[in-house]
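This is the structure I have questions about; it appears just below.
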Amino acid sequence: MELHVKKNASSSQAHQNRARMLISCPDGPGIVAAVSHFLHQHGANIVQSDQYSMDPKGGMFFMRIEFDLADLEQRLPELEKQFADVAGKFRMDWKMNNVSRKQRLAIFVSKEDHCLVELLWQWQAGDLDAEIAMVVSNHPDMKEYVESFGIPYHHIPVTADTKKEAEQRQLEVVGDDIDVIILARYMQIISPFFIEHYRNRIINIHHSFLPAFVGGKPYAQAYDRGVKIIGATAHYVTEVLDGGPIIEQDVQRVSHRDDVSELKRIGRTIERVVLARAVKWHIEDRILVHDNKTVVFNG
Amino acid sequence: MELHVKKNASSSQAHQNRARMLISCPDGPGIVAAVSHFLHQHGANIVQSDQYSMDPKGGMFFMRIEFDLADLEQRLPELEKQFADVAGKFRMDWKMNNVSRKQRLAIFVSKEDHCLVELLWQWQAGDLDAEIAMVVSNHPDMKEYVESFGIPYHHIPVTADTKKEAEQRQLEVVGDDIDVIILARYMQIISPFFIEHYRNRIINIHHSFLPAFVGGKPYAQAYDRGVKIIGATAHYVTEVLDGGPIIEQDVQRVSHRDDVSELKRIGRTIERVVLARAVKWHIEDRILVHDNKTVVFNG
Amino acid sequence: MELHVKKNASSSQAHQNRARMLISCPDGPGIVAAVSHFLHQHGANIVQSDQYSMDPKGGMFFMRIEFDLADLEQRLPELEKQFADVAGKFRMDWKMNNVSRKQRLAIFVSKEDHCLVELLWQWQAGDLDAEIAMVVSNHPDMKEYVESFGIPYHHIPVTADTKKEAEQRQLEVVGDDIDVIILARYMQIISPFFIEHYRNRIINIHHSFLPAFVGGKPYAQAYDRGVKIIGATAHYVTEVLDGGPIIEQDVQRVSHRDDVSELKRIGRTIERVVLARAVKWHIEDRILVHDNKTVVFNG
Amino acid sequence: MELHVKKNASSSQAHQNRARMLISCPDGPGIVAAVSHFLHQHGANIVQSDQYSMDPKGGMFFMRIEFDLADLEQRLPELEKQFADVAGKFRMDWKMNNVSRKQRLAIFVSKEDHCLVELLWQWQAGDLDAEIAMVVSNHPDMKEYVESFGIPYHHIPVTADTKKEAEQRQLEVVGDDIDVIILARYMQIISPFFIEHYRNRIINIHHSFLPAFVGGKPYAQAYDRGVKIIGATAHYVTEVLDGGPIIEQDVQRVSHRDDVSELKRIGRTIERVVLARAVKWHIEDRILVHDNKTVVFNG
């Protein structure tokens, strides 16, 4: 049963010869010239380029380039091989992605469904140009709903006793062919072992304006403190609880009239909007991580 | 020398027979009926009324009423006396203010002038309907500027050794005839003794989105954490550092490109807007404090 | 097939003895006293009250009251009957609603599904406390999806030739027992005849920040004008195209990089959030209409 | 009398060897490579670069580059001369500015002072890194205030009869050595003759969210329409009233309680914030104009 038909044949088709490149390296003279010269020499046409230098004198330099190149799919491996020379000279961390290859997502969810519903709706509307490879949950509740989209659903229960086995099972079903794991209000702590395996590839949505209200029950904390604005934060997961690099935040005004359940209701919309933006930026290769912070080229 | 002429003869004139009433009490049946009956009986006409009940079954009830009454000035003392009966019955905390009596402000400032400049500009433009009775500073820098508005400037230096005497001197110059003290980026810790004297009448502007980044250097803290939105918070001062009841907050989006000095620059505009709103609400009797939180009738 | 189970047994249960009252009348002394006295006399307890006077000297006065009354369902008819005396004295337009009676919605939709999906999701999550009595569409596309929620779907095609018959058919299926009709991106002009039948009960979402970009293709207009912020507007439908009383608006920042299709994508989220807020306020009896404007007691 | 001392010796000093370059041209392969190669060849180090292509296949291409070059002041003329070859090849509109040369501003003002006060405060605080060469006004009111900053004030009265002569006089005092004219709530229509002389160098602040409420009394128009959000718009002045390229907009939520004078009060803060941002971006060479729209590299 597939009630939901993906309407949008996808923008990927339109960009079958487009690639994206992300570069981080120590800043110094000649980087932009070297990269743009290299691409021009190989017949590539730069269609978008963003740069940021923390400090021209020895700080880090970050770059994102979109370029078009005829016969990209065949030529990308060779291009990557040749670029290694340029990269070595400037001590670059870098990658090139073929835009037409859809990134593969795994969504983890518990019982709250709003973030999952948002991602599925955006995906089905063609706004989230990726492949949702699977949904993993410690509860069976959304199985039928998820499968109605033709997406595999893995119910992996987690208890205090079975946490280790559960995580092992998650590793198996997710595997190594997933570009990003999305914790769409997945209410389990992720172990360092699992995090290490998917470093800077696990996005969590935290239901507060971090660093305020770390941990559980942030809306109750916000109510108790009497804040006039609440928020949500999408961040990469690290070993420090709610302490990883922040990707995106947004907020909404509230008042003394809003009790905890009203804060939750208002917050749900912030959460799903913020998470969806972060996921979109990740799969469009707009995010670089450095020193527990993100550079986001979303301009 | 008075360069600056207050243009607006002030809206106070327009409201010479208007009063405001603030009430807090345990909720129960008949409060609104009793108050409105009392006012109607005495010939007063309610022009605005706001209410909020935390819980109709025994929670706190808060009310703000604006009413017009002929010959208000002469009749207010008698009205207050008679209202005591109603108030006693419902165990009310309450006050009535004559709107045409301007509230008296004391502004405390150190070296950063943006919040002071904003308040003076809004006051001079007629947007802040109050009397600025004095500016108190631990530095002499803004003396000439403040005095050009015809406002007294008290330079009271504060050092680690003289803190106690300085505060004693502040108490003397501020006195008991001040409605609210505004810490317009005043960079000294206020002692519990001073706070007690002006309970719920000292407004501070903190340059972060509280409770994130309590204490000194919040912009540096915000930069280090890599937040995507910064904010400012106006709150009443209590014995807990940056922990008092929040009156108002606002925020602005920032990016990885904004270094600490840019965050400060962006923050200055948030700070002055937020502080000015909080002061305006205070002098319009829109704020009730309960249990370290505020009820703000600003709708 | 009902995939979607309404999780929330609904907050209506919690308020089985709660009523809401909306009043509009020319302002004058004693209104609040008369109303609160009347309610108190009948044993009702006011739990929330909002008022707004355009001008205490002869302007319009608006009031919304929530009150609790034991055995409300049995006593409401009698209460209404007796209140007519008070109402007559002050020339009030007024109504009382039993909060526990769910309002009945009809949603009209064409091919764009995002607003419908949002309303259904909020409803199914228990955030929209109403009964969705039917979905009406000039297209068959969403029939299966809507019916999966157990909601009747009426496909009524509209062509230039059949417009009149189609509207007649709509009137029949909607009937007189619907509290509000929601045009959730329904792309047909509504005739004056139909509007008259449901005066101030048809809510439309227009995909621009009105009054900018009236009519078709507002995102293309916004792109051509080079605005830096786009918005959406929920309003009651009148005979003037996109000219009815505005209920709610919201906006989002955009940049020169956003082409028309990107503006549409960003706009979809604004549209659904704005429409959902407007519908929520309508079914909570928070909106009064006067002189082509709304008074919204949402504070 | 100079009450106000510019505290900040200015960031210009810090950037004495920094230049900025703005380029517009038809897009095509090799532009970025050619420009970055040229700069690298001449020993310049790119510290910031932004690009935007409307359409890689023949649309317009826009670029902003900041670069450091030793002995910039001496070498800039030669660099410009040599760059003409590159520019010619790609049919570029372009300019290079020495960042350490402060741009010269002329501010036009009538009776409302809030935008002027804001610009002077930001300038005096070191946040507006420019030279305010003069203030021109059709009224004498702010002469003493402006001159207290050491800034020349030209009072040039304008009446229906003397408009032409007045504008001639304005041309003389402004002259050809001004980088940008700021209409800081200057309430006179500018003639096409004057506009032509300073094409894309006159910034106006309009007190509405354009294109809504063109022309006079926008706050009264906004009140009549019952909008729930008001705004302000900074734009370059063209021959079409309030129709020039939009640089920046911002908004604030309002409610039915806000009458016209309250809308004006709220609007004043939006106006000064929006205008100050637009001026800052202009003097930092962040704005390119094309086809009555702006490309703003403010990321």
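The first chain written gets the first letter, and so on, giving A, B, C and D; residue counts start at 1 in each chain.
Basically, a residue touches a chain if its C-beta (ideal position, glycine included) is under 8 Å from a C-beta of that chain, and two chains touch if they have at least 3 such contacts.
The shown structure was predicted, so the numbers you read here are calculated from the model rather than taken from an experiment.
With centres computed as the average of Cα coordinates, no chain lies farther from chain D than C. Chain geometry summary: the mean Cα position of chain A and that of chain D are 37 Å apart. With centres set at the average Cα position, the gap from chain A to chain B is 43 Å. Contact with two or more other chains is made by residues 52, 255, 257, 299 of chain A. Interchain contacts join each chain to each other chain, per the touch definition above. Those residues of chain B lying in contact with chain C across their complex are 28-34, 36-37, 39-40, 43, 45-53, 56, 68, 253, 299. Those residues of chain B lying in contact with chain D across their complex are 3-4, 113-114, 117, 121, 125, 127, 144-145, 148, 255, 257, 265, 268-269, 273, 299. Put simply, chain C touches chain D in their complex at residues 52, 209-213, 225-229, 231, 245-251, 255-257, 292-296.
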